[in-house]
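Here is the structure we will look at.
Labels A, B and C are assigned to the chains in the order they are written; within every chain, residues are numbered from 1.
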Amino acid sequence: MTDVAKVAALQATGISVRYGGNVAVDGVDVTVPAGGMIGMVGANGAGKSTLINALAGWSRGPATVRGKVRLGGRSMDWLSPHRRARRGLVLVPEGKGIFADLTVSENLALIRPPRNPRGRHPFSMDEIFELFPRLADRRTHKGGMLSGGERQMVAVSRALRAAPSVLLLDEPSAGLAPRLVYELLATMRRLVDRGLSVFLVEQNVRATLELVDELYLLERGKLVARGPAATMKDDPRILEAYLGTLKT
Amino acid sequence: MNLAQQIINGLVLGSGYALIAIGWTVLLGAARLVNFAHGQLYMLAAFLAWAAMQQFGVDYYVAVPIAVLALGLLGVVLQGVMLPLVMKQNLTSLMIVTLGFGYVFQGGAARVFGGDPQRLISPLQAESIRYGDIWFTLQDVVTLAGTLLLFGFLWLVMNRTRLGALVRSVAEDPKLAQLFGINAARVYIGVFVFECAAVALGAGLVAPRSPILTSMGFDEVILTFVVVVLGGIGSVGGSLLAGFGLGMFTALFGALVSPAYTTAAAFLLLLIVLVTRPGGLAARR
Amino acid sequence: MTRLATPLALLLAALAYFVPAAAGGTPVVYAACTTIAILAVMAYGADLILSYLGEVSLGHTIFWAAGGYAAAMLSVGPGWNGWMTAGASVAIALVLACVLGWVTLRTREFVFSLVTYAAAVVAMEVAFNWSFLGGSDGIVGVPPLQLTVLGRGITGSTNAELWPVAWGLLMLTLLFIQRFRQSRLGTSALMVQMNPDLAQALGVDARSVRFLVFVASAPISALAGWLYAYQRAYVGPDMFESYFLVLMLTAIVIVGRRLLLGPLIGTALIIVQQTFFSIGGDGDKIVLGAVLAVILLLWPKGLIGLWELMRVRRAS
């Protein structure tokens, strides 16, 4: 029993990603404990998105990925992105996360909740609308007509419909008003407290530090620091690079 | 000139254009794939139905479904081998590949079915209906009704079902669809099978109007080209409208101006539209 | 290496001249070699678009036919000599290319291909129906080619006599393509195709580049059509047939895009098969279409891609 509990929800080792001759991510390990929330911060171009996409086996460009990804102890390495999504390794990508030509309902209905969830929790439509009441009124609106915040809510909702074992979130706050950012991330935290495992990539260091259990710092494709959020808050590199500049 | 008769002719021609174009429209919309073998697929379906009737003595009503089924299977094979290129969206290479396939079909059909013109005989073609000055056959009625039914059905599937949403999502962004747990490859195969089956149905209904030749290929369906682009890439409703519009145009142009230049005139129309509106008439942007 | 490149190219060009003689010098060999040279030049016109703009032009049969019709009509009617008909071919091709280039200026990808194809269909229908162009019968009885080169008169009534002209045209085309590859226009075209954002950042106007390359490509195919009219002594709407279109594209992709000698080698392979190893007209169609499809499906970069693959395998 204790052994099972110790198995990390997601364990990635030695992830390296190359684009042609360029190394974008170089030998990074990531562990997401079950029911935990891990955050990753880093400058623009540090390779955060490349890394989180590699975990999902997904890429818009011709990327070559090395390393191992295990979801609940099962290898994901040879699975195509849509298979990983169905097994519960669900990515909400940066930027465009929903279909603009489809309505909110259609976007959500694309997801087939797993027939055999095995401990994963597929969110029902009612639960989704309870979580994001605003979406209930937008059901028949096309994705392209929504505001940035609403789009992000739909993107997260469709991920929840898929009953994620681990939810991979790539900069959900990009382009949102500060109040919305906090609201969205706080909602994510509530879900984690209810048992969801989340790996979050963010630009917004302040908000991330307040919510996650553990923080990773990525620089030029390499992991340069990791630790509990409480200690990382005082890490000079974090202070200097991100929080310091925000001090007024 | 008998205007009422020309309008009937326009409707009949237009329903044929729309029916032959529909598979291509869906394919272009969902997979952004231009299938230059479309005309040869039409030819192949017509000859398969003909061969089934001649060689095996089956009924027209059985021969057409056989052709539809056979072309559907061919679609699985074709899209199967093209899949790596489709997934990479290597559209330039794909266009040329389909051109090559068309050439193979044409050469292969000439070897198997011979070079002589043949007739796909439909019993409905002999049943003519007369109302005063105007005249049409039962085949025309069935084609028109079949076209409207198929379009209505397709519209419902595309806009009111999860399957339709699936196709539209892959059309918009196949990469994003993967993250939704959608197997884009299967959607592509399904869409290609639909195109092949739909063009076979079109051949079954339209080919009895005139003699069929293994070399007819693209010339026979060249006007569906106009329908696909004029209707707006991938727009089901637009294709139906463009099909009937083009049918009317060719019927009236042929009767009033010159039958020899009808195709050229239709293409000139297309060129003008494309210069002014590169996305086709139904383009939103 | 680079110092040797020019003399080596000249040597190869000179050797190429003696290929038909070395291969036996029979009329069949001369016919095949002349045809290869002509069709390769035709393919180089489309090659400029496919390799350097990355678009599929299905309208180059228009320029090919325009060159043929110009040569046939002007030598049969007013009895112009070869230089004058060649000049007229180029001029007509340029005018047509300007019109078509302007029409397609805003189109990309499959819309570009569809429109160029549509234009070819319109052109064929016009050629087929307009009695001025000979209608469906075409124009028969094109007299032998008459050219004066360096004070010497050339009459091309047989393939052996036409071969020096075909060879010369091919060499000029190769020279032009080579120059184009190194020119500003050529490099801009590649940049527009490979990295449009960078091209824009560097101030390259993609539209004018596309237009200029399109217009530059037309006279090449037209001059091939010009010589083809003299070789066959006849032109007709069959110059629009998809055979020429498929041949152009196959010749370009068979060896690999963006290779100077690619289309020439490709054309040679196809014509040698069809002349010496033919399995009947329909069989040859199957071969040509299948080669085109299979090459692109297995090695989208062409045979050169296969070669690279094998080299990588051997190295590892």
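The definition used in the following text is that a residue touches a chain if its C-beta (ideal position, glycine included) is under 8 Å from a C-beta of that chain, and two chains touch if they have at least 3 such contacts.
None of the values given here were measured: they were computed from a predicted structure.
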Remaining connected clusters, assuming chain B were absent and nothing shifted: A | C
Per-chain CA centroid nearest to the all-protein CA mean: B
Whole-Å gap separating chain B and chain C, where each centre is the average of the chain's CA atoms: 32
Approximate Å spacing (C-alpha centroids) for the pair chain A, chain B: 44
Chain A and chain C: spacing of chain centres that average the CA atoms, whole Å: 53
Chain A contact footprint on chain B (complex, rising order): 162, 165-166, 168-169, 171-173, 175-184
Of chain C, residues touching chain B in the complex: 50, 54-56, 103, 106-107, 109-111, 113-115, 117-119, 121-122, 125-126, 129, 242, 245-246, 249-250, 253, 281-286, 288-294, 296-297, 300
Complex interface listing, chain A residues touching chain B: 56, 58, 60, 80-82, 85-86, 90-93, 96-102, 106, 109-112, 158, 162
Contact set on chain B toward chain C in their complex: 28, 32, 34, 81-82, 84-85, 90-93, 95-97, 99-108, 110-111, 217-218, 222, 225-226, 229, 233, 260-261, 263-264, 267-268, 270-271, 274-275, 278
